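What follows are several structures.
What follows is chain A paired twice: with chain B in the first complex and chain C in the second.
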Partner chain A sequence: MNPTIKLALILIASLEISFTYNLPANLLVILISVTYLFYHRIHGKTLAWLVIVPIIPAFGLFTTIYFFSSQHDLATASALFTRMYAYVFAGASFSLTTKPLDLAHSLEQNCHLPSKFAYGTLAAFNMLPKIKQTIVTIKSAAAMRGVNLSWWSPHLYFKAILVAINWSENLAMAMISHGFVEDQPRSAYELVQVKARDITWMVGLLIVLQVPIVWQIMN
Partner chain B sequence: MTAISVSHLTFEYDDQLPTIEDATVNIPSSKFSLLVGPSGCGKSTLLKIIANLYPDFGGTISSGSVKIEPNQRVAMMFQDPSQQFTLDTPRHEIIFALENLRLDHDTIDQRIQDALNFCNIESLADRQFGTLSGGEKQKCALAVMIAMNSDIFLLDEPFASVDPQSRNQLIERLAVLKDQYNKTIVVTDHDLTGYEEVVDEMYRFDVIRHRIEHLSEDEKHKVLADHFSIHHVPVTLPSDQEHSVIELRNLQLTRGTTTLADIDSFNFYDQQITLITGQNGIGKSTLFSAIAKLFNYKGVITLNHTNIQKIRPAKYHQQIAMVFQEAASQFVDVTVNEELELSKKHRLSNYFSDQMINDALNSLGLSGFGERVVYSLSQGQQKKLQILLMLIISPSILLLDEPLTGLDEKSITGIFDILKKSCEAQHQTVIMISHQLTKLSQWVDHHVLFSNQTLTYQEVI
Partner chain C sequence: MNQKRKLHVRDIILLALIGILFGAIFIGTDFVYNALTAMLTPFGLAPMANDLMMGLWVMAGPLAGFMIRIPGTAFLGEFLASVGEMFFGGQWGAATLISGVVQGIATELGFTITRYRYYNWITLTITTITTTILTFGWDMLRNGYAKFDFQLLIILFVARLISTFIFGGVFVKIINGLLSRAHVLATR
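So, the complex of A and B:
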């Protein structure tokens, strides 16, 4: 599926379920996402993580509403519980099946997003492993001066930002020296197309999602 | 033909003394030119001006001009191999660069194939950059420049983190580019190894007289040959009376697929100043990282006969402290005074009295900077402050990684004077890495050479 269309579909669906307390709609989003993930041969371990990680906040939401609110409203509590999972699975069905580079190409070609955003973000994304290493270095350098920088220490992030500013300048220079000029047209090695099939799927799935929502309003 | 003509160029960063002052130089086309000079002399700045990056990215040209031969594409290779790619793999990076030049699919395919071929890196094309060594990354950077069909190749200390073998391969490829494809090659470098056969023109930055000298053929050969006849100064080998403080046993260090070190047994000795030398990229800094518990290794490292893996990091880093190559990574606070206060607060001994700290600041030319933000100091000033801050803390072992970068003769004497006195008074051990051997011989007790993946004590520096 075209990355931009996929992203749009997931954003619209997520937005919609965040304005309604609709258990069937949430379950539908989860069902479609899980099916899609299976279609893309998701690992069992990854799927297990997706189920386990949100369980505490989801359960927290459920107990707060069901046990501690004045109405002990089971419907709202289960809608909130499943909504958490709907977000997680919808997000995963995008992030686990789309390469950042494909998204950048699609946003650039299909959405006409300025290429400096597309590639700037991509360059930053590719820096993530180095940023991790740098944070370790900053922590140790401080430890050697007797200062323990914890994960929530503002000092740590102040230093990390300073390093990042320096990197961003180097990266910008590197992009320019590789021929990148802001706002100048580029050619496309691979054309990313929006196929009729992509649109059909998006519209089709959105219509299916409206069924439980409209049903709820009618009743 | 002149490819690059710089005339009476003066360039300055904001509110600072000019980095380049009234520089004039003409670099011929289709030749291999080498620019040398001490660190901080403006070599790198000049290349970035030629590449049209400065003044867009900072600084101003207050007079003079830089002219490039018309219709010549300029490309640049940067010092830090890991900060010059936008995308994740060499193939994607080349595609990105060629899309910028608005080439079509088939031309891009052809150019990728030719460039990868020329650099002998077909096997790296789809590897993630994170898994490549410094040398491999620089080969990829060269491939991008070639794919873009550049005419002028600027290389800014491109081999600083490249192993000697890749370095030779890259220099050989550059020579082929010049000889067979008439490309103009301009390289800046500190290390003159391997250039004798390939360099046509050599330029030297004279920081005292503020000019760029074009060396004559004789001078060029003399400088390149001089490089091989280093004056050796004798140093002592460790004696039986010395106690080992750090022991390495069956230590293996690997980066990606390359083995950097494979050391059966080696000891560093207590209360000595030990200098480690070795070629660029051989793994000296990685060895320090391993000793400082910042790099995963195989084998055993002990400190006073205790396996360092059994010592908690916080406790360990009080005994053994590293002066990082990048001075800025060691600062925690904002101003010079705050940094000094912080070091005083966490110091392990009171050896450095306020009076001594003031004297030290004076002798290092740092007095009067108390309220300055540390990041606004020059590289040299940051380095001096960083070393002083670590000395005030007085850990029992200090690891210094390239402590002389950006320092002039006077600063080096100042720093080592303080360091030596502190070591003698507090029985500290110092292990350091440096390239600048001649300036260090009088301060050093032992010399260790890192080569062939192992460490050996030497009788000379």
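So, the complex of A and C:
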């Protein structure tokens, strides 16, 4: 599926379930997402992780509404509980099946996002493994001097930003020396197209999602 | 500052890098969030973990707005942080993007109100207030805050305001102070 269309579908679905307290609609989103993830051969371990991660916030929200609010509203509580899972599974069905490079290409070619945004952010995201390493290095270097840097230490952020400033200069320089020019038309070796099938899937799935929502309004 | 300055590719890379760096630091706070939620659940205050942590999650926005003084940078800093979170192990996936847009607009609004002219405590106080109000409004829907009792809402709002002020205000001011003492911003 075209990355932009997939992203749009997930954002619209997530927004829509945010505005409604609808248990069947949430379950439907979860079901479709899980099916899609299985189609993409998701690992059992990853799936288990997706189930475990939201359990504490989802359960916390459930108890707040059901046990501690004055109305003890089970319908709302369970709708909120499943909604958390709907967000997580819908989000995962995008982020686990789409590469940042494909999304950048698609946004640039299909949505006419300026290339400096598409490639600038891509350049930064490709640094992720080094970024994680850098945070560890900064912490270790401080620890060697007997200073403990944690997420509540402004100095940790300060040092991380210093590194980011250096890298952004270097990356921009590297891009320019490879022939990248801002605001100039570019040709692409890999064309990303929006196929009729993508649109059909998006519209079809959105119509299916409306069924439980319209049903709730009618009753 | 100079409002006519344009965003160049190195600014965009820097904004994205800051977002990702902050994300990498926040990965360590996931367990704090979960522990807070678990601790507050027996008191019926589970959502408060959200409000207490909010300041951390919205830090990238005001900091980016302070560092690169061009309209739109606060929004981009916050939004790109959420894009980074989506791709690299954030638990909320693409729904993070919507929160990122809301937080980004909220922070940017604070700078818009001061017309991108003043970068001081007043600006930070205003961004704190706009961020708190807008993100709270969004949580009314997303996290079902609309269904809570009024008394609880007041507690949550105050918690969020304090958290946002400490991390999105005091922290940003300290970090920005360190950066300007290091003279790394002048050349940009």
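In this text, the second predicted complex is superposed on the first by the 217 of 219 C-alpha atoms of A that agree within 3 Å, B and C clash if a C-alpha of one lies under 4 Å from a C-alpha of the other, contacts with A are read in each partner's own complex, and residues count from 1 in each chain.
In this section, a residue touches a chain if its C-beta (ideal position, glycine included) is under 8 Å from a C-beta of that chain, and two chains touch if they have at least 3 such contacts.
All values derive from a computational prediction rather than experimental measurement.
Look at A:175: by the touch rule set out above, it reaches both chain B and chain C. When both complexes are overlaid on chain A, the residue A:200 reaches neither chain B nor chain C.
Of the two partner chains placed by superposition, only chain C is touched by A:87; chain B is not.
Once the two complexes are laid over each other on the shared chain, residue contacts for A:210 go to neither chain B nor chain C. Once chain A of one complex is fitted onto chain A of the other, the partner contacts of A:186 are limited to chain B, with no touch recorded for chain C.
By the touch criterion defined above, A:60 reaches chain C but does not reach chain B. In the superposed model, A:18 makes contact with chain C only, not with chain B. In the overlay built on the shared chain, the residue A:117 is in contact with chain C alone; chain B does not reach it. In the superposition on chain A, contact of A:165 is made with chain C only, not with chain B.
Which of chain B and chain C touches more residues of chain A is settled by the count: it is C.
Shared interface residues of chain A (contacting chain B in one complex, chain C in the other): 119, 123, 155, 162-163, 167, 169, 171-172, 175-176, 180. Of all residues in chain C, those touching chain A in their complex are 7-14, 16-22, 24-26, 28-29, 33-34, 37-38, 40-41, 44-47, 49-50, 56, 59, 63, 67, 80, 83-84, 86-88, 91-98, 141-144, 147-149, 152, 171, 174-175, 178-179, 182, 184, 188.
Those residues of chain A lying in contact with chain B across their complex are 101, 119, 122-123, 126, 129-130, 136-138, 140-149, 155, 159, 162-163, 167, 169-181, 184-190. Touching chain A in their complex are the following residues of chain B: 48, 51, 53, 57, 75-76, 78, 80, 82-88, 92-93, 95-105, 108, 129-130, 144, 148, 292-294, 313-314, 317-318, 320-322, 324, 328-332, 342-343, 345-347, 375, 389-390, 393, 395. The residues of chain A lying in touch with chain C in their complex are 7, 10-11, 14-15, 18-19, 21, 53-54, 56-57, 59-61, 63-65, 67-71, 73, 76, 79-80, 83, 87-92, 94-95, 100, 116-117, 119-121, 123-125, 127-128, 131-132, 134-135, 150-151, 154-158, 160-165, 167-169, 171-172, 175-176, 180, 182.
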